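Think of it as A, B, C, D, E and F in the order they're written, each chain with its own count starting at 1.
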Amino acid sequence: MNAQPMQLLTILTEAVLEDTLIEEIMELGARGYTISEARGRGTHGVRTGKWAAGGNIRIEVVGDAALCRRIVERLHSQYERDYGLLMFTCAVELQN
Amino acid sequence: MNAQPMQLLTILTEAVLEDTLIEEIMELGARGYTISEARGRGTHGVRTGKWAAGGNIRIEVVGDAALCRRIVERLHSQYERDYGLLMFTCAVELQN
Amino acid sequence: MNAQPMQLLTILTEAVLEDTLIEEIMELGARGYTISEARGRGTHGVRTGKWAAGGNIRIEVVGDAALCRRIVERLHSQYERDYGLLMFTCAVELQN
Amino acid sequence: MSFEPVVLFFVLGAAAGLLRSDLKIPGSIYEALSIFILLAIGLKGGVELAKHPIGDLLVDGLVIVLMGALIPLVAFPVLRYLGHMSRADSASIAAHYGSVSVVTFSVGITLLGQEKLAFEGYLIVFLVLLEMPALVLGVILARYGQGTVRWGKLLHEVFFGKSIYLLAGGLVIGYVAGADGIQPLDKLFFDLFKGVLALFLLEMGLVASTRIAALREYGVFLALFAVLMPIFSATLGVVTGWMLDFSVGGTFLLATLFASASYIAAPAAMRIAVPEANPALSIGASLGMTFPFNIFLGIPIYLWMARLIHAGGG
Amino acid sequence: MSFEPVVLFFVLGAAAGLLRSDLKIPGSIYEALSIFILLAIGLKGGVELAKHPIGDLLVDGLVIVLMGALIPLVAFPVLRYLGHMSRADSASIAAHYGSVSVVTFSVGITLLGQEKLAFEGYLIVFLVLLEMPALVLGVILARYGQGTVRWGKLLHEVFFGKSIYLLAGGLVIGYVAGADGIQPLDKLFFDLFKGVLALFLLEMGLVASTRIAALREYGVFLALFAVLMPIFSATLGVVTGWMLDFSVGGTFLLATLFASASYIAAPAAMRIAVPEANPALSIGASLGMTFPFNIFLGIPIYLWMARLIHAGGG
Amino acid sequence: MSFEPVVLFFVLGAAAGLLRSDLKIPGSIYEALSIFILLAIGLKGGVELAKHPIGDLLVDGLVIVLMGALIPLVAFPVLRYLGHMSRADSASIAAHYGSVSVVTFSVGITLLGQEKLAFEGYLIVFLVLLEMPALVLGVILARYGQGTVRWGKLLHEVFFGKSIYLLAGGLVIGYVAGADGIQPLDKLFFDLFKGVLALFLLEMGLVASTRIAALREYGVFLALFAVLMPIFSATLGVVTGWMLDFSVGGTFLLATLFASASYIAAPAAMRIAVPEANPALSIGASLGMTFPFNIFLGIPIYLWMARLIHAGGG
């Protein structure tokens, strides 16, 4: 039960991408992920989450820096141009 | 695609304030925000999110330290006395 | 309104534990907590949140390092073996 | 005494809350049920309204709104000077009691159905009219000589808040389409009405059970107020209905309307316009005490009062 | 063989899951559908109960509960010693099979409607009675000589868990209000019942399709158990119903009740009381195998069995 | 001109959006309403289909699909060369207009009910058939000579996307169970249909009001397209229906089907298959302009056109 330094990668993106991104993330070696619903506004306009395919999701992955970088790079090259997407990382201590 | 150091400001407050706070936040210069539903307990009692106007929301804004400070100051002076409100910031690396 | 350094403890676990864990957390001295719905995958398999008792929740507690450690220790010893559970902490600045 | 089985669902919900059952009505279902009830009541009122020349209702409407405005004006000084409550809390609670509850009104209507008593269908119009002035009065009472009010925001909230918007919208659609035009919708909005009301009362019981505790904290005065105020308002309503020559059923419904306290429109409006008022107090009183009092004891009493005044007056 | 079109909705849902359609029933809608079904069944039972002196049912109730208790007591050693499963898993699965499924029961009732067979309406009371003892037995089996149980928490979960609470609450309301009092609610709770059941089965199919995979991992033994156990339980039910002089319809329903396995009340209770049991096993078996087996093959077989014993006995 | 009160609910929703009322239909309720409508329409179609030898419909089906395919093939060059829109946007919008809208179709059916006009019930089958080819054509138009398409993913989305899946699933269940088998479900799926449609239109109004703004940004060309394209498609539909010897009602419905533009299946499919297209453009046009145009003006015009061609042809 020692705290381990890790990265928390948070991805805010369109709900239609859910299945696709999860496949990518697991393939890149994540041991798990957490998803929750969100809505918001960014450079791609307002996304209210009210209308079919109109919502955002938040995907969170706890992993080491290398994993987070791999995911960021993949998403950056594949999805950033066409989809609403915001990614940021933060240092956390895993407590399991 | 260089990681940029930024602040993530998280605001936990009453759902009735949603429209008002978003106006304030955009007016203060945020480029975007993310909202999700929450419930919880604090010094203003339990908020179960079950009854009309009885829920909490979480508003998140990624921005530079100055923006976050402006938002914190505005909300502190305008809303803290009368509404349930918790705000905290955290250093993140923007990965877009 | 000075920013105070604090810890944000995030707990990802099964929705059935909600009442039990909240009791524990308040008993250990937290002044509040925030809960939101989530789904995800980890070592205990996929939890889609679709079926009775099948969802995850995210519990967040802002508190000092000692409080967070007490909660982590209690949850670690009482629930980790039998339930899906992920806990991590992160340094935040309380802005209230 | 008249007994309406649908209130048993309130008991079931309240007991679930008090016994800490894990029964919950999801928030989105609660929203859907209330949209249904507001629209259905509005449609029903509009269909009735289409049967009357609107001009005839103007005088009635004016009298009812003026009499209704007495309620917050009486409640405020009682709360402020007898109850020693803060100005903001007094004003907010007064607004809740001056405004009305669609569900209490609906329980009144189902009782009339059971007792086979007719009523003036256009009374539903007054449900819409009565919801607003009390909210505005509440804000004036809170702010009089105390700085500025964001009136724009408040009036928008009052008129376009969903509960008044749906009631009024249903009213207009019912009026325009008429009974024939609405008829294909009857199977949803009218046939299922009472069943939906039962489910709604289940949820109200669940919520009310969590509010009673909040009320307990604030003592005997507020609890007494929550029981005596509706009786006073109902008396005002009975007299008004009798003056306006309403039937027994109509007199009773007006009394019920006056006696009912808002717990949907008013809390939302007051939270925005008078945020320093404590919402636990006003919702605790209106939902935790007055609502159950009305549906169990008040409504039968008001019917008895309406019968009495008509027996005396006839 | 008897065929009930409503089960086609289960197929539609299961196929959607297996074909990876993006069809989803939102969680809150699932909650609303199950509240509806539990209340409706409870109300129906209460209305029927009001027609009988309760005293007459006491002996029947006792016999049925005792016979029903045999199910987990037989299932446990089979799982533990034949299946070599852990003590916790064996106990948890035994509790699932001892408890009952309201939806399976409802499909049984719609089949009787289609076959125009009468049944003892008060049987619904036993649906409520049978849900509980198996859960308590399951915990005893898991914990016997193995440390302490938080009985308070468990019993609270058992009695005030929403599924039993709503069934029992509906029963009481139906009993108190009687057929006449409930009549205005019929249009919602009874007329729409079968349609709502269809939607619920759609969702059950969607969920079951994700559970079959979990089951596959745990091999042939559990799959066999999930098919043979209900046949054994149904036989017990047929014999019990016949002993108690039930009609063919009543005997069939009791068999269906015994054969059905819980996937709502039991998982929630076991997760709290026996957390070291793997929920994928018990839900995989009860929902992924036994539920579809029952509605497609079991139910027609149990009706045939009920007819057989009555033909032989008559 | 023919007027159908149910469209007033669209106005109520749109006004709520424009007046910034806080009225909202929760997302899960919207999902439930659309599942209901898709299943109900499918079931109705299946019951009708069971009355006809399927062979008879093959030729009709082929003609209708081929004529329907003309719509995106005409729309694409208009958007690309007259409108100077990007290849991706032109293709995506063309796919939206080639595909169909179940709600527009439903409003058409309720109008026929009101006008007491019969129609070929099996037309609902073509609703299912028409939804798909346009989506595939849209992707081909976007990608032709432009790199690869993930056809597997796209075709899966097209066939197992929930809207087509539920329509087709309802069709099969209705076909297998037949009118008698479905009859116990009528009270839910058919009796409540129009009321649910009203609620759905309320939500459509709310959403459409937020889309008109998006459309305004993109100028007059797209707005004109959103009005003229459905008139062109309806003409094509009227001619096709007349060629196929449909009744007036059937001809009108086919015209409505051709004129309607998708805002559920198409947006989801295009977002995945042609992500560089701007969804605000296509949804703004189809939902913000074409949908209200169709239900208020288009549908009465198409009925007039259908009557005209039959009067001329007879």
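One rule holds for everything that comes next: a residue touches a chain if its C-beta (ideal position, glycine included) is under 8 Å from a C-beta of that chain, and two chains touch if they have at least 3 such contacts.
No experiment lies behind these values; they were computed from the predicted model shown.
Fewest steps needed to get from chain E to chain F, stepping only to touching chains, is 1. When each chain is reduced to the average of its Cα atoms, D sits farthest from chain A. Compared with chain F, the chain whose C-alpha mean position is the greatest distance off is C. Looking at B-D alongside D-F, one finds more C-beta pairs in contact between the chains of D-F.
Chain centres here are Cα averages; for chain A and chain C they lie 20 Å apart. Between the CA-based centres of chain C and chain E the separation comes to 34 Å, rounded to the whole angstrom. Computed from the mean C-alpha positions, the centre of chain B lies at a distance of 46 Å from the centre of chain E.
Shown for chain E are the residues that touch two or more other chains, namely 24, 26-29, 192, 268. Contact with two or more other chains is made by residues 36-37, 90-91 of chain A. In terms of inter-chain touching, the protein chains here follow a pattern that is not a line, ring, star or complete graph. The chain pairs satisfying the stated touch condition come to A-B, A-C, A-F, B-C, B-D, C-E, D-E, D-F, E-F. Those residues of chain A lying in contact with chain C across their complex are 1, 3, 6, 8, 26, 31-37, 62, 90-96. Chain contact summary for the complex, chain D toward chain B: residues 24, 27, 30, 206-207, 210, 264, 267-268, 271-272, 275-276, 280, 283. The part of chain C that touches chain A in the complex is made up of residues 9-10, 12, 36-43, 56, 58, 72-73, 76, 80, 85-91. Chain contact summary for the complex, chain B toward chain D: residues 14, 16, 45, 48-53, 55, 81-83. By the touch criterion stated above, chain F contacts chain E in their complex at residues 26-29, 31-32, 35, 156-157, 160-162, 165-166, 169, 172-173, 176-177, 181-182, 184-185, 187-189, 192, 268.
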